[in-house]
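In the two assemblies presented below, chain A is common to both, partnered first by chain B and then by chain C.
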Partner chain A sequence: MSDTAPVNTRRESKPGKARTSFNEGTARLAAVLLSPTLIVLALVVLYPIVSALRESLYTSGTKLDANGFVVKGSTFVGLDNYAAIFKGDTGHRFWTAFYNTTFFTVTCVVLETVLGVAMALIMHKAFKGRSIVRASILVPWAIPTVVSALLWKWIFQADGIANNILGTQILWSTDGWQAKLSVIVADTWKTAPFIGLLVLAGLQTIPAEVYEAAKVDGASVLQTFRRITLPLVRPALLVAVLFRILDTLRIFDLPFVLVGPHKGSVETLSMLGYDEAFNTRYGPAAAYATVLFLYVAAVAYVFVKLLGADVIGEARAKKPGGGSRRQRKRAAALAAAPQAGLTSVGGGV
Partner chain B sequence: MRFERSHTRRAVAFGVAGSLVLLASACGGDSGDKNTSGGGGALEGRGPITFATGKDTSGFLPKQVAAWNSQHPDEKVEIKELPENANDQRQQMVQNAQNQSDAFSVLNMDVVWTSEFAANQWIEQLPEDKFPDLPKLIPATVETAKYRDKLYAVPITSDGGLLYYRKDLLDQAGVQVPKTWDEMLAACLAVQAKVPSAKGMSCYAGQFEKYEGLTVNFSEAINSAGGVVVDKDGKANVDTPEALAGLEELTKGFSTGAIPKAAITYKEEEGRRAFQEGKLLFHRNWPYVYALAQKTDGSSKIVNKFGVAPLPGKSGPGVSSLGGHDYAISKFAKNKATAVDFINFMASEARQKVNLSGSSQAPTYASLYDDPALNKQFPYLAPLKASILGAQPRPRVVKYGDVTAAIQDAAYNALSGKTPPKQALTDLQAKLSSLITQ
Partner chain C sequence: MATEMKVKTVPPPEVVRAAEASPLRRWAPLVGVAVIVLYCLAPFYWMAVSAFRRPSDQFSNKIIPAPFSFQNFKDVFSASNGFGRGLLNSLIVAGTVTILTLVIGMVAAYTLARLDFRFKNAVLAIIITTSMFPGISLVIPLLKLFINIKWINTYQAMIVPSLSFALPLAVWNLTAFFRQMPRELEQAAMVDGCTPAQAFRKVIIPLAAPGVFTTAIITFIAAWNEFLIALSMTNKKSIQTANVIISQFTGTTGRDQPFGSQMAAGVVVTIPLVIAVLIFQRRIVAGLTAGGVK
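Here is the complex of A and B:
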């Protein structure tokens, strides 16, 4: 591959013996230099995960003694906290939340992708006042979620702007499809610019010659978009979509603030975990968190495997050389892309 | 096990900051300080303390504390301001207790938290003889500070629901201020028939969005019809004809349009705005609305056009749910003797009086409601006294968070027409029974 080949050549050119000792020294130095980072990572990432897994196997504070005091200490209950999630009323609530979470993820991400790409295409065009358009498209993304939730709550009030403009009397925050719709609208408004931003970065790496060649060949606008823009912007787009999927799977603040807690139509998996923790049942809360963690991990894995989202630069290394003209073009474009440079450095380590 | 686990939580709570040091100490095994820090219930020790309280929107609290500090230079009180949102305050207090931290000495707690905090032994049980003002406080407010008949806190502020009504329109129609629900409906129909400007107004609204306010309004409807949610013995008893009559009063209001459809989205502020804009004839809200509805900056269209009365009930005066705050002493605090004195200081008649006129928070000291000067400053004091004297606490249960969520579920489903009222109460009874017996 064009971007990794020069690195290999450079390594090969070093004299054999010197290289080994140099590498050994480098490895030791690398280990020493990286150890603070690894320790910090272990403390802030690994330790909480292990701790949460452990917590999810215990319960505490569920029984009262004869004097009405909560019995202290915690009991090991094995997988009971997990089993309880899927049983009876709780199970019903869980599957509703699971459905909501998935529904929001699919709907919002599809809408955001379509709108985001459209935004990127507009932002990419050279026209007067382009910087103003770019800035204004990015404003929603810059607003904290809770603030945007309050903003939309105001819009969706019974006597709010939404009803005024639509000429309707819909009570948006009541349990039902309208609550779902309000969350989707608010989420799309806020995060479509995120996809737009990442896709714009991808668009800017596509060399102008490719488009000129297409023009010379007499390709239509639609053809250019489908055959050139989309394939070349695909790596950036897939990363953006992956981020949005992971983000939306743990959606919490928007439905919580915009619609409110305990409303079946917008309750998500994060909200269930929050509810348990709020009532000081940390064991079940940790179990919910773990289930959500596994779901997110599974979705991310499937996404990366199926669509080959190029998050860490693996996909490119596996592709056979040569290939179609499109692939070769893509590789060339990637070599020029700033993130391609980043990933090849990452691969070198 | 207990030691290990509280250590784990502590480490998580401190998080990134001192994680290295802390992890080392967590691996060091059990430490003995956890047992001794409880203090064994003796309210001893003098010195500086802290006062954990929600964000003080009136800005008056520092003056109260300064008055104490100037008299007690060696036992100064430091205010620890928590967020404005009650749930966030509770969360910080719970976290403080679970870390067994001495950062908070006196806790300014919402009345509904007492049972949970007492049952978990996060707050000290208080000997009643150490609080001389206690007999002079309104009995219903003192009840909120008890768990299983033992005192755990001292009520400092209270709150009760009031019926705000459009005095101008009632006068024009020549009807009396209603004392029962039937009278209220009749008054509303009379006003709508006789006063042209009242056309299109709705009769009544309270707080019916799915949040704590719904628990308040639901309990009031049921208590006002002679029912209970949780009885004197602490058992759920909500599947009764009385409770059904109370709930049906609300569902009927929604189905006949006496209560506007939009009221299902009302919290305090939405309701207040509707009342101030002249959309409601009667409105149930807290005393804070009075001053705002009287504002002459143009925000209110009903300045000098409304009055306040105690809540109406099924066949007589209604029963309000109690609001307000109690002061408790954290189990893990230092200088608890100072904390007792500080609570007594804040509970005293003189301090409560100053607090009422400075922050307009309703006092728990009964005699203050009859003070002529204060009545002039706060014209709603007389109906508020009636409201609080007859008020009932919301269910006093350890799992309050779960109980109030279950109540909101049942009430919301009934009010939005998803479940028939009878079914909602049967479901709620089953849910509450399982939550309370555990």
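Here is the complex of A and C:
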């Protein structure tokens, strides 16, 4: 008799059949199990975003009264903080930071992608020394960005090794184009190998038969690369690139430590927001943060739209049912994400 | 060796002969590999070399430190820097973030991998989206909040915001791991009389240990390397993490940036990670790419 009891309870909870179809019980269970994660994310992500939006409409603690004391309390100023961003000196500073952020993102991501793909192709061809390569490629990834920034600052020192090797006398990490270049070099060094790693994983999923068939058909090396390799690693590569783009858009550590704050040539939007917050001008800081957030969201949206078109078919077949078409499309775009979902770790930039 | 073996095998078709004939084809990948290794390790090597120089020949550009010296390391750990404390703080913050993330994320990942429910894709999209938000957008409002509730210079002020990037990371990684485990495992456990919760605890968790472990390493490295949050939420040396302390070294020699001790500190902070990476490289690569358990 006692044997039957667990069988009954088992049937009441939701094994086998219930899992494959959507039903109330499963949904409730899923909701319960997901709630800790979603609550935490709501607290540490959603709340700050909304709060920044609200904060950006206020000004607080910025004014000093006649005696030089900070006036407490916040006043509603509407869109003044945003208007101020684009005007006069702050406007100049903002657009410089905006330009720097975009410039770093475009240059670094292009360089890293080209180098990363090249590395992946080499690693794919090499059978000897593969484990050495894999270990060494993880070293730049594992080094904290702060440490790599200091390392490159040391390399780019006035009488450092870079000038020594190049036979130049450039003051690298100070200001101007050379400061930009030093940031780009340091960022590329740290993350190109990582893209290489992700692309290599993509390459390894391409069956050898495909290449053999191409060979039989007399395809040249270049043709094989363009017509077979590239299209087949494209999904993994695109997601890796998206994550690198989003990561570089929020670049902070590297220019902050390598060159320093208040340097027009390398100041990024993140640094600008940090600087305002550091000086307790939370209203403008929140406005910068919101602008950067919208910028990142817009870039991500455009990219996912581009990307979604490609990955959609595959993911739709994999996930029958499951929400509206739009959701499916979004999820489709993100379906390849676990492969590269961790690119963000690589940067930490 | 390689040539001999190839000669022994069946009369080679054109392809193999071509490959054998050109030494370029055989050596090019090896040269490429050497270039990659050099590219990745040379700057790191330079950091180590600079750390082991005497402070007096800091600006020497010799490839090997002529008189080997540990002086820089002694300087780093001198009491005025508070670097030892910084390492401990880093360990506390990164360790707590890792543990919290795994505990919370494992349940969510298992749900996402195993249950089918209506808004699953939406939930997945939300979780991955949260990891894309720029850190500064989260830090600024949280900074103001933490000032109000007197959390500045506390561990929780660094731990809680760190969950914003660590949790999505862990959930994605673990979901990939759980997906690869055959469903039959839990079904068998349940046939044997386990409840789903028991099946998860007694069968899945032990079997997923390698995946969980990999996720733990990756999360730990991410949290250990975090800078912006730790920088913003603290202003007292005794609570700052190693990363923040290194970036603010003033050194003993006045205004000059003390590169020697910074390099030494960099080596100290990085070596544990590099060792972990060397030992677990297979797993880390698997975790970073497909999240595959071999």
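Side notes on the structure shown:
In the analysis below, the second predicted complex is superposed on the first by the 281 of 349 C-alpha atoms of A that agree within 3 Å, B and C clash if a C-alpha of one lies under 4 Å from a C-alpha of the other, contacts with A are read in each partner's own complex, and residues count from 1 in each chain.
Following the convention adopted for this analysis, a contact is a pair of C-beta atoms (placed from the backbone, for glycine too) under 8 Å apart; a residue touches a chain by one contact, two chains touch by 3 or more.
Nothing here was measured: the structure is a model prediction, and the numbers come from that model.
Set against each other, chain B and chain C differ in how many residues of chain A they touch, and the higher count belongs to C. When the shared chain is aligned, chain C comes close enough to touch A:Val147, but chain B does not. Looking at the shared chain after the overlay, A:Leu33 reaches chain C, while chain B stays out of its contact range.
Of the two partner chains placed by the overlay, only chain B lies in contact with A:Thr174; chain C stays clear of it. Within the superposed three-chain model, A:Ala298 lies out of touch with both chain B and chain C [touch as defined at top].
In the overlay built on the shared chain, the residue A:Val44 is in contact with chain B and with chain C. Within the superposed three-chain model, A:Glu55 lies in touch with chain B and with chain C [touch as defined at top].
Contacts of A:Val110 after superposition on the shared chain: neither chain B nor chain C is touched. Look at A:Leu230: by the touch rule set out above, it reaches neither chain B nor chain C.
Using the contact criterion defined above for the overlaid structures, shared-chain residue A:Trp189 touches chain C, although it does not reach chain B.
Comparing the two interfaces of chain A, the one with chain B and the one with chain C have residues 43-44, 47-48, 51, 55, 157, 159, 278, 282 in common. Of all the residues in chain B, the ones that touch chain A in their complex are 1-2, 5, 8-9, 11-12, 15-16, 19-20, 23, 87, 91, 94, 98, 118-121, 147-148, 209-211, 261-262, 264-265, 270, 398-399, 401-402, 405, 408-409, 412, 416, 418, 438. Chain contact summary for the complex, chain A toward chain C: residues 6, 9-10, 13-16, 19-22, 26-27, 29-31, 33-34, 36-38, 40-41, 43-45, 47-49, 51-52, 55, 119, 122-123, 125-155, 157, 159-161, 164, 189, 193-194, 196-198, 200-201, 215, 243, 246, 249-250, 252-253, 257, 269-270, 273-274, 277-278, 282, 285-286, 288-290, 292-293, 296, 300, 319, 322-323, 327-328, 330-331, 334, 337-339, 341-342, 344-345, 348. Those residues of chain C lying in contact with chain A across their complex are 15, 28-30, 32-33, 35-37, 39-41, 43-44, 46-47, 50, 59, 61, 104-105, 107-108, 110-112, 114-145, 160-161, 163-165, 167-169, 171-173, 175-176, 187, 190, 193, 195-196, 218, 221-222, 224-228, 232, 243-244, 246-247, 257, 259, 262-263, 265-266, 269-270, 273-274, 276-278, 281-282, 284-285, 287-291. Of all the residues in chain A, the ones that touch chain B in their complex are 39, 43-44, 47-48, 51, 54-55, 58, 60-64, 67-70, 72-74, 157-159, 169, 171, 173-175, 260-263, 275, 278-280, 282.
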